[in-house]
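Naming follows writing order (A, B, C, D and E), and every chain is counted from residue 1.
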């Protein structure tokens, strides 16, 4: 289970400062991608989080050879388009729209694809173009401190001999995939770009389980605490968790459609043998979705529990008040009677009157106590 | 992000006066379009907001030429029907039904289309006629003062060489499109009316993001405020936001179907190359819908938070009452005892009785305080 | 907008008397149509509201001729079956099952159709028989006094040259259609029975808008009132409105399916040219449905507002109680102290003790007031 | 409307005793049909209610002849398999599994069919086998005393020349059908087993209306009572009604699918002419379902009304308390002031002080009353 | 009905200890199946509960012969692949991934299948491979002590002449199936692996009824108790039951799809004759699902009842307080009046003043009592 402090994008400074607070809802409402009405293909990066410098690296491999390199300019990757080997070019950072435009022109990507690439907040989707597939996914991670789910847009462009992956930031969940390529573990080195795309998507979806587990643990904790101490802060946490689950759901729900579209796809770059692997990712996506819905049900149940626990508390407060008032108000009245200054109150002169009254008072109080006990209020 | 004061129809006077107040629900309930049972094609303008004078302007262009003009009578536009160039005729104001009828007769539009054109409050829809497509959309804008979402009906009639756009009022979200045509930016000048229609629809849907962002900001504000000061005015705001979201939803929900219908359409005026652009608008519509649903979920969560915060407040009030009553009622009783006038109350004569009683009272009060602290009520 | 007092069936006497009260739910639960298990085609009129005498009238027309007549016996209409002109025979009153049976035999209607004709409370539906179409609709009207939605079953039988319309009562929404036939306005005189059926259905659906508008106005009123005076009568009105919306929904929801079935129908009596008109009715039905759902959402929102306003009220009551009790109970205790009769209470003899105590009391009260103000309770 | 005391299975003794109480939920949870994992076709009767003796009777008829008989052993019915006349064999009582097995072997029914036949609690369904159709329905009746909906499984086996009907108990809703066969009323004598099956199903579905009417009446009653006297017993009744509606819904919901399956069926035993009748039953089933859903909506509305009425009551209690306490606690304090024993309280000696204080007290009380009236609490 | 103590996996030690408590939610959130991004086909057992030693046993049979054996190593089962007889190989324990890998290689199972086999928490599913079918199911059992539903993953691999069943633990619901094979009861010995798979699935689904019955009984109990003693522990039980129903639902819901996929399957290993049996399992799955949904509805109803009962309680407490305070506070005030020390209070000297005041007090108290009784609060 990935610990949040190892999560690649959890530790960014400033997540808690006021500017970033807007992100609480902001993650759920896509910011205006560009000036309304501007031409399609206008490249405007909409993410708030930029890396210093765009980092470009590639892995070029077939069953026998492997070439790994970090390059300074995107132009160095252009020759990879022609080679028959599988090339995985990873780009971290989306703010350099000029770079993206160059790339797009060389590889022949549609302007709308490039526009979506840089305007983060896209819904997960699959677009089948003649020469390539365009896949948008969300990578999720759970920040243990802020208890927030962070979402990062991942764009994949899958061609006949290459896979492009675009991320907003350095750091991802793909190290095991890189390791498998380097060590030639499993079948990955002998397969095409479709299999590589599968491996990347599989890694992303595997990451969802880790996030769901963390959310599940939070709910588990709250499940125990909520009836013991129904403080409002607990409800706030339930509320926040529900909101985080909306973030997860928006990543996972459309992914199911993406995968099922991939399963039915007749695109030449998708080998029939790879479909059984896509089917596996599809199953995982459905399962994640199931889990999200179940967790939402559980969180709703917790809200009910909380509210009832609050009601119970109020009931208790009421009972204490009622018991105290019901016992002492009548007694005070009795004392008030004999505090009156009428000249003709014969009882006052009787020597046993005072102890008798005290006894009566005790009896009244006792009756009250008995009554409340019988009611089960005590 | 368009500031509300620049929104084209936010600043109309009288939005807050009683007559217009009806519009709160009125936007959601379409007014009776005509006398029930009257003949189809009866043109009755149903919108309450009219411009002084219908404004007609057109842009006639192809890759090389551009002709822009504001005309006084609709007849001046009739020759545009025959030219092979793309003509975009924009009509602001729908109350002049005679004008619409003339236009309809010349261009051969179906009477039912003309009827829908002028009776605002139509559901977004696409009708494929032999010679033209009829598209109804809603333009949305958020009025920052009244916190209301204003909706304006936009009708598009797309023929082989022309696009008509009908709006209720002057002012729209199409200036960037006009700019692109004038400056021949992007591909728009080389494309047909279907691409122009796309550009207009894209501008409309882009406008939705701005509105959703504003609603999202409102929810964000409320999210912070609602637990701190659960005043009823806050609930009112949540309630009003929910209602505004109904307005948005009614614009966006059917739009998705319109776009998916366009994607599947075999109409000759829709070039296959344009479909990738329609697909983009479709994606944006789906995304807007997603966002609306998410915002509704968030607003529901806020209602729950509000109600629980109110309950918490009540609990606090109750606790203060209970604590005060529980401490002082028994003490008052004790004081009452020794205020009685029995002749035989030996304690009264003891010199240490008074301080002893005061001590007892302090002890009782202290016990109570201890009890309430242990309960966590203090 | 039709004023309720002009609504054709709003003014019947006795709508408020106990017998009719059953209709509140009764409109939503169809009464047993016949003795369970009796033969199909058993004609039993199930409506509670009968006209004195069945009224039969017809309009027989083609582009040139028009013949209008009110007849005494159904047999007088039998010759219309053979004429090539379009005949619209309207029957007001369903209790004379013998008449219906005669008619059915002559025109060859299926016994089950006749049975449905007279047993009101049918779900809107379309049945395509070889020689005719059978359409069931509900006419709705809003009674401004009882705030109830009245529903009347309308059955249409559309043949090759005739349209039968069966209503429970005299009075309908078809006068504008009659007027158009008489005055030969629009295209109606040149069209066949399918167009006439469209015109009737269109008039019915147009009537829905009027009803929805009235319900919308009611909700608008409640929206303003509910937070100002959350009386229980208001909740009752919301509750009743919700129930009325169920009545509307049951009329409109299946109508959408009826219209979409008509649009797809291949029946020879439906000319392809008429379908664009049916499509218009379909659009209106969908729009009405949308509006019903929206109004239901609004009504649910009102319930929430109401409940929260009640809670707010209770809170206020609690605060008054708490403030009064918290201020005066401690003061009373102080007064009680110095009302005790201990012989050794040195303070009693001090001449400044009384004003000092009064000052202390004022200080205590002031502290309390300050505390409550700071809490925002005052 | 069938009175509950005439309902065939309402009057069984012991419905209220503890053993049967389990049936409240038990009707909704099917008891384990057999030992888990035992062989398919293992016949185990799972119903709790047995008749003393299985009663077998048959009606054998064609257009001219009619033979009705009650037989002692199932073997006497075996010859009916071969005759070309329509035979309706009715079996009351399912506990004699040996009889069922014999029957099944002779007529060639699938073991799984026989198993379902005797294990009551099946979901309504249609199974098309080569030689016969197997239909499961639920007969419903409303017990006016326990306010419970009783459900009895009815199995129909429809072959080329016979219909078997299996019930758990003597007594059913088929007497009108029998009467029609005996008196040769309607078309039934001239039709085949499919029409007979229709007649039986129609009788069952007609019975649903009676039950729904009764439930509707209950809701009607509660609708009036719930705001006047919001006792908890009322909520209990609403809760119980909701549960009963679950019983109805489980009978009606799958029936719709059964009927629509029958409508689409190509089975040779279903004459095309009969389909219009099945369509009628389908319509009734859909209508019943509509009504169930509407009644559920109404019942939910009642719960809301009830809860709000309870809240209103609580509010009233609170107001009385607050008014009493707010008026008298300050007055008591004033009285307490002048009950103090300070030696220097100059007011005490003034002859007009007592009446002045009484006046002041009256003024304070009056102010309070005025304040509460203005608040609308009085 | 299987008693929980006979349930095969209910009695494991430690279900209540803290480590296992995590399982409450853990059953609903699948633990990360493997290191995110690791190669597909990486076999990692994810279940927490292991048996000491993997137990392998097989039953090899045809109509005449039967061979049953428990073997030590999986290799002993390899020859069964070639024999024409039906072989059922059951593996209890999934932690020995090496064994699974060997098996998979010999029988040619896909690596992803093997991965799913050992990573428990799979969603029920059906995968059709060329040589075999892979089916995942959940076996459910109800633990009477912890009131928890335990879920165990069952994987079936159905080939042309064999069925593999993989379980996490020794103990299952298949003993009756084994008995039927041994005793050659029913048709099982004469059928192929598809029928065996049916028998196993049928046994699993039959087990669901037992679990649902237990949950139904719990709800039945709560239904009676919840209004009598609305303690918070009851709500906790309802809450827990709802969570358990989520566990059941996640097992049953996808099963319906699995069965319907099997019914439509054209796979050569599924004989058409067996489909009627699969249809039976499908019916049972649908019925179980129905029951789960119904039980969820009932549980929601119980929550409402509970909350209203709590509200009722609070109301009662409030009434007692209000009655006590309203009666005695005015009386105390009256007593306070005559406890004042004004020198000029003429009443004090009157000999009948004291009894008169007592009478007045009784009258006031009586009026109050009468008022409260009329209100129905007493």
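General observations
Just so it is clear, a residue touches a chain if its C-beta (ideal position, glycine included) is under 8 Å from a C-beta of that chain, and two chains touch if they have at least 3 such contacts.
All figures in this text were calculated on a predicted structure; none of them were measured in a lab.
Its C-alpha atoms superposed on subunit E, subunit D is turned by 70 degrees; the angle is given in steps of 5. If each chain is reduced to the centroid of its CA atoms, subunit B and subunit D end up 43 Å from each other.
Here the spacing of subunit C and subunit D, counted between their Cα centres, is 27 Å. Residues of subunit E in contact with at least two other chains: 311, 314, 318, 321, 325, 329, 332, 336, 339-341, 345.
Order of chains round the closed ring, starting at subunit A and going on to subunit B, comes out as A, B, C, D, E. Across the interface of their complex, subunit C is touched by residues 1-2, 173-177, 180, 185-188, 199, 202-203, 206-207, 209-210, 212-213, 215-217, 219-220, 223, 227, 276-277, 279-280, 283, 286-287, 290-291, 294-295, 297-298, 301, 304-305, 308-309, 311-312, 314-315, 318-319, 321-322, 325-326, 329-330, 332-333, 336-337, 339-345, 375-377 of subunit D. Residues of subunit B that touch subunit C in their complex: 22, 24-26, 28-41, 110, 112, 116, 122-123, 125, 127, 229, 232, 235-236, 239, 242-243, 246, 250, 303, 306-307, 310-311, 313-314, 316-318, 320-321, 324-325, 328-329, 331-332, 335-336, 338-341, 345, 347-354, 357-358.
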